[in-house]
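Alright, structures below, take your time with them.
Two complexes follow with subunit A in common, the first pairing it with subunit B and the second with subunit C.
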Partner chain A sequence: MPPASSSPSRLGRGDRLFLAFVIGLPLLALLVLVWLPALASIALSFTTWDGIDLSGIHWTGTENYTQIFTNYPPFWPAVGHNVLWLLFTALLPTPFGVFLAYHLDQKIRFTRFYQTAIFLPMVLSLAVVGFVWEIVYDPDTGLLNSVLDAAGAGHHIDWLGDPDLNLWAVLIASAWRHTGYIMILYLAGLKSFDPALEEAAALDGANGRQTFFRVVLPALKPVNVIIVVVTVMESLRAFDIVYVLGGGTGSKPGMELLSLLITDNIIGESGHIGYGSALAVILLLVSLAAIGAFLVQTFRKEDA
Partner chain B sequence: MTQASRPMPAAPGPGRRGVVGGLFGLTAAALTAPVLTACGAGPSADPKTVTFGSNGADATPKSAYAAVTKAFGKESGLTVRTNTVDHDTFQKSITSYLQGTPDDVFTWFAGYRMQYFAKKGLAGPVDEVWDTIGGGFTDAAKQLSRGEDGRYYFVPLYNYPWAVFYRKSLFAERGYQVPGTWDEFIALARRMGKDGLSPVASGYGGGDSWSILGAFDYLNLRANGYDFHMSLMRGETSWTDKRTARVLDLWRELTPHYQKSGGGRSWQDAAQSLLDKKSGMAVIGLFLGQQVTDEKIRADLDFFAFPEIDPAHGQDAVEAPTDGFMLSRRPKNEDGAKKFLAYLGGASAEETYMSVDPSNLAVNERADTGSYNALQKRSAELIASAKHISQFADRDSDPGFISTVVLPGLTEWLGHPDDGTATLKKIESQRSRFFTA
Partner chain C sequence: MTTTTPRPASPARRPKRPAAPDASPARPRRDTGRHLLLATVSLAWLVPLLWAVYTSLRPYGDTAKHGYFSWPRGLSLTNFTDAWSRSGMPHFLWNSVLITVPAVLGTLLFSAAVAFFVTRFDFRLNLALLMLFTAGNLLPAQVLITPLYRLYLLVPLPWWMSDSLLLYNSAWGIIAIHIAYQCGFCTFVLSNYMKTIPKEITEAALVDGAPVWRQFLQIVLPLCRPAFAALATLESIWIYNDFFWPLTLIETGDKRPITSALANLQGQYFTNPNLIAAGALMTAIPTLLVYFGLQRQFISGLTLGSGKG
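Right after this comes the complex of A and B.
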C-alpha cells in the first residue's frame, strides 16, 4: 500500500462513507430498537392506553405510579420476592457454583464429566427445565411426593400450588440452573489463573482456604465482577422459569415478580399499557441503581 | 496475514472491507424487511382462499375444524387456509393479533369480550350473514351474537354447560343420592369424605386457575341470582358487597371437601381422578368428555345441575359458554369470509363438527341432534330449561380484571379460606382501574 494512506487523519471520501455506514447503521439500530422503545415506555408510563388506537392514549401524570405504590396488592409482594430471589441466588447457588468450579479445576478424576453434568441444565431450553421440574413437583405423580410417600411422610405437599411454598420450589429449580452457569464462568476464569501464585502461597504456608480467599479470589477480580453483575441481573429480571412453572398465564399467588406484573398488564387480554410501562420503568430504575452502584464502586477503587 | 509480505496485494476474493460491508448490508436489509412486508400486505389476496385463525389446537377440536373446513371447501369451491394457535396463546395475544394482519375469520367467544372488540372496531359486522342463518337460532343465541350497537358480530357454533359431574356406577355402588339443595350437597360431600373419596375433584394448578371460576359463578348465581352476578361481572357492583361475601362464606363450606393439593394439579388430572372413581364429583364443563377415551366410561358419566341455594333463584341459571366465529376488521377476502361464516352458522357445519367432537352442543336449532349421546341430550335439556344463560366469568367480565385481579385473589384465598374480607377488599380496590364509566 502507498505510505500516504497509513495516516489515519487523512481518510479518503470512500473511507469516510464506509466509516459513517459502519458506525451509523448499528447506531441507528440501537436507537430504533433499544432507545426509542425505552423512551416510549417511559413516556407511556404517564398515560393510560388500551393498546388499540393511538387516539386512546390519555395523559394521566403520575397517577400510575401513585396507584402502583399505594393500591396494587401484588406490587409489594413482588418487590419482596425479587429481593428474596436476589439474596437467595447471591447466597446459595452463586457461592456454590464458585465452590464447584474451584474444586473441579483441581486435578480430580472424571472432572470433565462432572463439569458437563453440572452445566447441562444451562444447555436445556427453559421450557424443558420447566417441564422437568413440573414432573418433579407434581402433587400426585411427582418424584418428590412419591419419594416422601415411600419414606412414610404420608401427606401431600402441594409444591407449586401452595402460595407459601411455591416460590421456594421455583428458587430451587432456578438454583439448579444458575449453579452450572456460575461454575462455567468461574472455571473459565480459573483457567487464566497463574498457578505460580498458588505455589507461592503454598510455599508461604497458606492453607487451602487462605489460598483461595487471599490469593485466588482477589486475582480473579474481573471474573468476580462479571459474576456479581450476572447474579444481580438474573435475579431482577427473573421471569422465564417462574412463568413456565406458573403455567404460562402470568403471576400467581406466592410467585409474583416485577417482571411478571409487567407482562400481566401489557401482554394478555388486559391491555393496560400505561400501567405496565410504569412497572417496567420502576424495574428499569431498580436495575440501573443496583448495577450502576456496584460498577461505579468497583471501578472507582481500581482507578484510585 | 500473508498479504502484508507481498509487494503487490492482488487480494483475490472478497477483501475484509467487502465482507464487513456485506454483513452490514444484510443487517440493513433485515432491519428494513419488516417495514417492506408490512407495506406489501395489502388486501390483494387470492379470491379463492379464505384464511381462518383457529384456537382449536387440541387433537379433537383440531380434527373437527379440519372436517368442517374440508366440507365447506367441497361445497363452495373456496379453499380455507387454517392457522391454528394454542388456545391460551391465542387468547392472550388476541389484541395484537387483531391489530396486525389477522385471518379473515377467527374463533372467539360470545359475551363481553366479543362486544369489546366490536366496539373498538377490531371486528367486522356480519349482519348480512345473519340474514341467511338467522332462522336457525333462538332469541337467546341472537342476543349473544350482537354487539352493544345492536349489530351482529358473532356466529355461534356450539356451547356446553357447566354442571356437577359424577359417575353413575359409583353413586349406585355407594347408594349416593343426587343432591338438589346446598345442604344435601354438603352432606353428600361429607359422606364421600368418610368413605375415603376426594369428594370434589380439584385441579387449578399452572395455567388452569380459571377452572375455579365455575364454582364461583354458580355459587353467586344460586345465592344472589343472575342479575346480581352480571352486574358484579360488569363491574357495576362493589366486590365488598355483603352478597359477594356470602359467596365466599358458602364456598368455605365446600372447600374442606376439595381434593387436596388442587393448586398444583391440572384440570385434566382432576378430571381423571373423577373418571378413576377417586373423586366423587367435579364442578366442570361438558368438555370433561374430551378426557374420556373409553366409551364405557362415557356412558357411565352423568351430571346434575349445581344445587339450589336460595329458593328465590332455584336452579334457573345455567353457565353455558358459547364458542363461535368473528370476522376481522379488514378481511382480505370479504365475500369468501362471509360465505364461510354463513356456512359455519348453518346446520350442516354443526353436524360435521359434532360428529368429530361430541363434547359440545350445536347452537343452531336446525342441526340434527339424533346422533347425540346421552350426556349431550341431557346437556341440551339443561340449557333449554334455563331462564338465564351466563357465559363464564372471564367472558362475562373484563378478562384482564378476571385474570390479573380476581383469579390471583381467589386462588390465594382457596389456599387459606377465611372470611374473605381482605381478599374482596383487594379485588374491589382494583375494580375502577378496569371499569371506567
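Right after this comes the complex of A and C.
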C-alpha cells in the first residue's frame, strides 16, 4: 500500500482529540481486559494460590511446571488429545471445507441451500450442538445405535462413555461444525479471486484440479494463512463441545484436553490457581507459535 | 439441472491433451456430479438436526412406549410450549438479548474506529496497534479468566447498573469482555475492508475542511456496510452462543444468558429428551433469524485480506 494516507501533521486540534478518543477507548479496553490478565496469568503461574485471599499467594518459581511435566497424570494424555485434535481437524474437515467452497463457487444453482445446510451447525450454540449429538450418540435411544441395531449389529456401544471411543465421537461432532466454518471463510476468499486468472489457466489447457492447485490456491495465500490459523487455534482452544458432551463437569477419561484441565484447576473447588495458570501459560506458548506465524505472514508485506 | 448456462469462456476450456477421466469437458455433466456431491453432503449435515427436530415433535409418551427409532403416532408442538413456559425461557432469552445486542454494537463501533485510525492515517505505531488487537483475539480465553475474575471483583459499579455493585456478576462485565476480546477479529476484517476504499474519497473531504469525525461517520462507515453485515452475523452468533464468560463471571443463575439456561433445563428434565430437544432448538432461533436476515451480504462482506489489497 503506497503511503498516500493523510499525514497526522495536517490535522487540527479537534481532529486529533477525536482520533485520540477513538483509538484510546478500544485500546484501553484491550489492554486492561485482555493483555493485563494474560500477563498476570503468566505471573501467577510461578506461584501457589488457593484463589481466595490475595495474601495467600506464594512464590514457588518453576515448581508448578516441574509438577505438571513429571507428576500430573492427565497432562500428557491431554497434550496427546490436543495433538490428535489438531491432526484430525487439519487433515479432514479443513480440506473438506475448502473442497466444498471450491465447488460452491462454480456458479451453480441451489448454492445458497447447500451453503446454509453446511454452515447451519456453526450458527447453533455449542450447547445445542452438544445436545443434538447426545441424542445421536445415546447408547440406548440414540440414532446411531438404533440404526446399527436395525442393521443387525446388535452391540450397545457407549459412544461418549468408552474412553477409547469418546474422543473420536466428539471429533466427529466438532468436524461437523468446523467444515462449515472453513467453507464460509474460503468462499469469501474465492469471491475476491480474479476469475480472469482461472480462465487464463483454462485457456492454457489446465483441468479443474490443476487450475485449483496451481493457480487458485497459491493466489489465495492470505486466506490460506487464515484457514491454517483458525484450524490451529480452534484445535488448541477446543473447549465448549467437549465440556458439553463430557457432561459439563470438567475433563472425563479419554477426553482430557488442555483447556479442560485449566478449567478443572481454576474453577473447580480444588482452587489450584497457580497450577491452572501454569497450564494456561503452556497453552499460551503453544498458541503463540501459531499467532506469531500468522502475524508475520499477514503483516510482513505492509511493513516493507 | 442441466440447463445451467455455460460461461462465455467454456469453449476454450476444452483441453488440448486427452483429459483425465474426471475432467470431462462437458460442463452440464460436471454440474450434475457437483449437485449430487453437494446435495449428499448437505443432507448428511442436516441428519443430526432433523433427528433433533423429529424428537422434539414427538410426545414423550409415544417415544417412551415405542422407542425413538420408530414411526410417529402423533406429532405436536406441546414440547415447545412446555419448554418455553417451564424453564423461564423468556427471561433467559431477554438476558441474552441484553448482553448480545450491546456487545455486538460495541464491538463493531470500537473496531471500526480502530480500523479507521490505522488505515486512514500514517501514524508510526499503526502496524503494532493492528497486531496488538489481532493477537489479543487469538489468546485462549482460559489464559485470561483468573486475573479477569479478580479484576471484576475489584471494580465497583453503581446500583443502577448492577445489583451486585460490582463488575462481577453483572451483564456489563460480560459485555465489556466480549467487546475487548472480539475487537481483534473485527478490526482485522474491517481494516482489510477499509483499505479497499479509495484514499481520494477521504482526501477530498479533508481538503474541503470536513472534520475527521464527519469523514468517519458520514463517509467511511456507510461504505463499510457489507463488512458490517458479515461481522454482525458472525459476532451475534459467537456472542449469543458463548457460555464460557457467563459460566465463570456470573454467579447468579438467574442472570445467565439462555445458553446456560439450557443446562438448567437439562438438569431439571433429564428424563425427557423430547422436551430438552424442543428447548435446545428454540434457543437457536435468534441466531438463525440473524443468519437468514443478513445472509445475502454475509459472504461478500467478509473480506479477509485477499485479492484487491
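The working rule: the second predicted complex is superposed on the first by the 268 of 304 C-alpha atoms of A that agree within 3 Å, B and C clash if a C-alpha of one lies under 4 Å from a C-alpha of the other, contacts with A are read in each partner's own complex, and residues count from 1 in each chain.
The definition used in the following text is that contacts are C-beta pairs under 8 Å (C-beta built on N, C-alpha and C of every residue); 3 or more make two chains touch, one makes a residue touch a chain.
Remember, it's a predicted structure, so these values are computed and weren't measured experimentally.
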(message) Between subunit B and subunit C, whom does A:I184 touch in the aligned arrangement: first, second, both, or neither?
(response) second
(message) Between subunit B and subunit C, whom does A:A29 touch in the aligned arrangement: first, second, both, or neither?
(response) both
(message) Can you tell me whether subunit B or subunit C touches more residues on subunit A?
(response) C
(message) Taking the superposition on A as described, I'd like to know which of subunit B and subunit C A:P74 touches: first, second, both or neither.
(response) first
(request) Determine, under the contact definition given at the top, whether A:H103 touches first (subunit B), second (subunit C), both, or neither. (result) second
(message) On the A-aligned overlay, A:I52 touches which partner chain: subunit B = first, subunit C = second, or both, or neither?
(response) first
(request) Answer with first, second, both or neither: which of subunit B and subunit C does A:G246 touch in the superposed model? (result) first
(request) Once the structures are superposed on A, label A:I267 by its partner contacts, choosing first (subunit B), second (subunit C), both or neither. (result) both
(request) Check whether A:F18 is in contact with subunit B, with subunit C, with both or with neither, and answer first, second, both or neither. (result) both
(request) Examine A:G205 and indicate which partner it touches, taking first as subunit B and second as subunit C; both and neither are also allowed. (result) second
(message) Going by the contact definition given at the top, which residues of subunit A touch subunit B in one complex and subunit C in the other?
(response) 1, 18, 22, 25-26, 29, 32, 51, 138, 248, 267
(request) Sort out for me which residues of subunit C touch subunit A in the complex. (result) 1, 4, 7, 9, 12-13, 15-17, 19-20, 22-23, 30-31, 34-35, 37-39, 41-43, 45-49, 51-52, 55, 63, 67-69, 110-111, 113-114, 116-117, 119-123, 127, 129-136, 138-148, 150-151, 176-177, 179-181, 183-184, 187, 195, 199, 202-203, 206, 211-213, 216, 230, 237, 240-241, 243-244, 247-248, 259-260, 262-263, 266, 273, 276-277, 280-281, 283-284, 287-288, 291-292, 295, 298-300, 302-309
(request) Write out the stretch or stretches of subunit A touching subunit B in their complex. (result) 1, 18, 21-22, 25-26, 28-29, 32, 50-53, 67, 71-74, 134, 137-140, 155-164, 166, 245-254, 256, 264-265, 267-272, 275
(message) Touching residues of subunit A toward subunit C in the complex: what are they?
(response) 1, 3-8, 10-12, 14-15, 18-19, 22-23, 25-27, 29-30, 32-38, 40-41, 44, 51, 54, 100, 103-104, 106-110, 112-128, 131-133, 135-136, 138, 141-143, 146-147, 149-150, 176, 179-180, 184-185, 187-189, 191-194, 199, 202-203, 205, 207-209, 220, 222-223, 226, 229, 233, 236-237, 239-240, 248, 259, 262-263, 266-267, 273, 276-277, 280-281, 283-284, 287, 290-291, 294-295, 298-299, 302-303
(request) Sort out for me which residues of subunit B touch subunit A in the complex. (result) 9, 17, 20-21, 24, 27-28, 31, 88, 91-96, 99, 113, 120-122, 204-209, 260-265, 269, 273, 399-401, 403-404, 408-409, 411-412, 415, 426, 429-430, 433
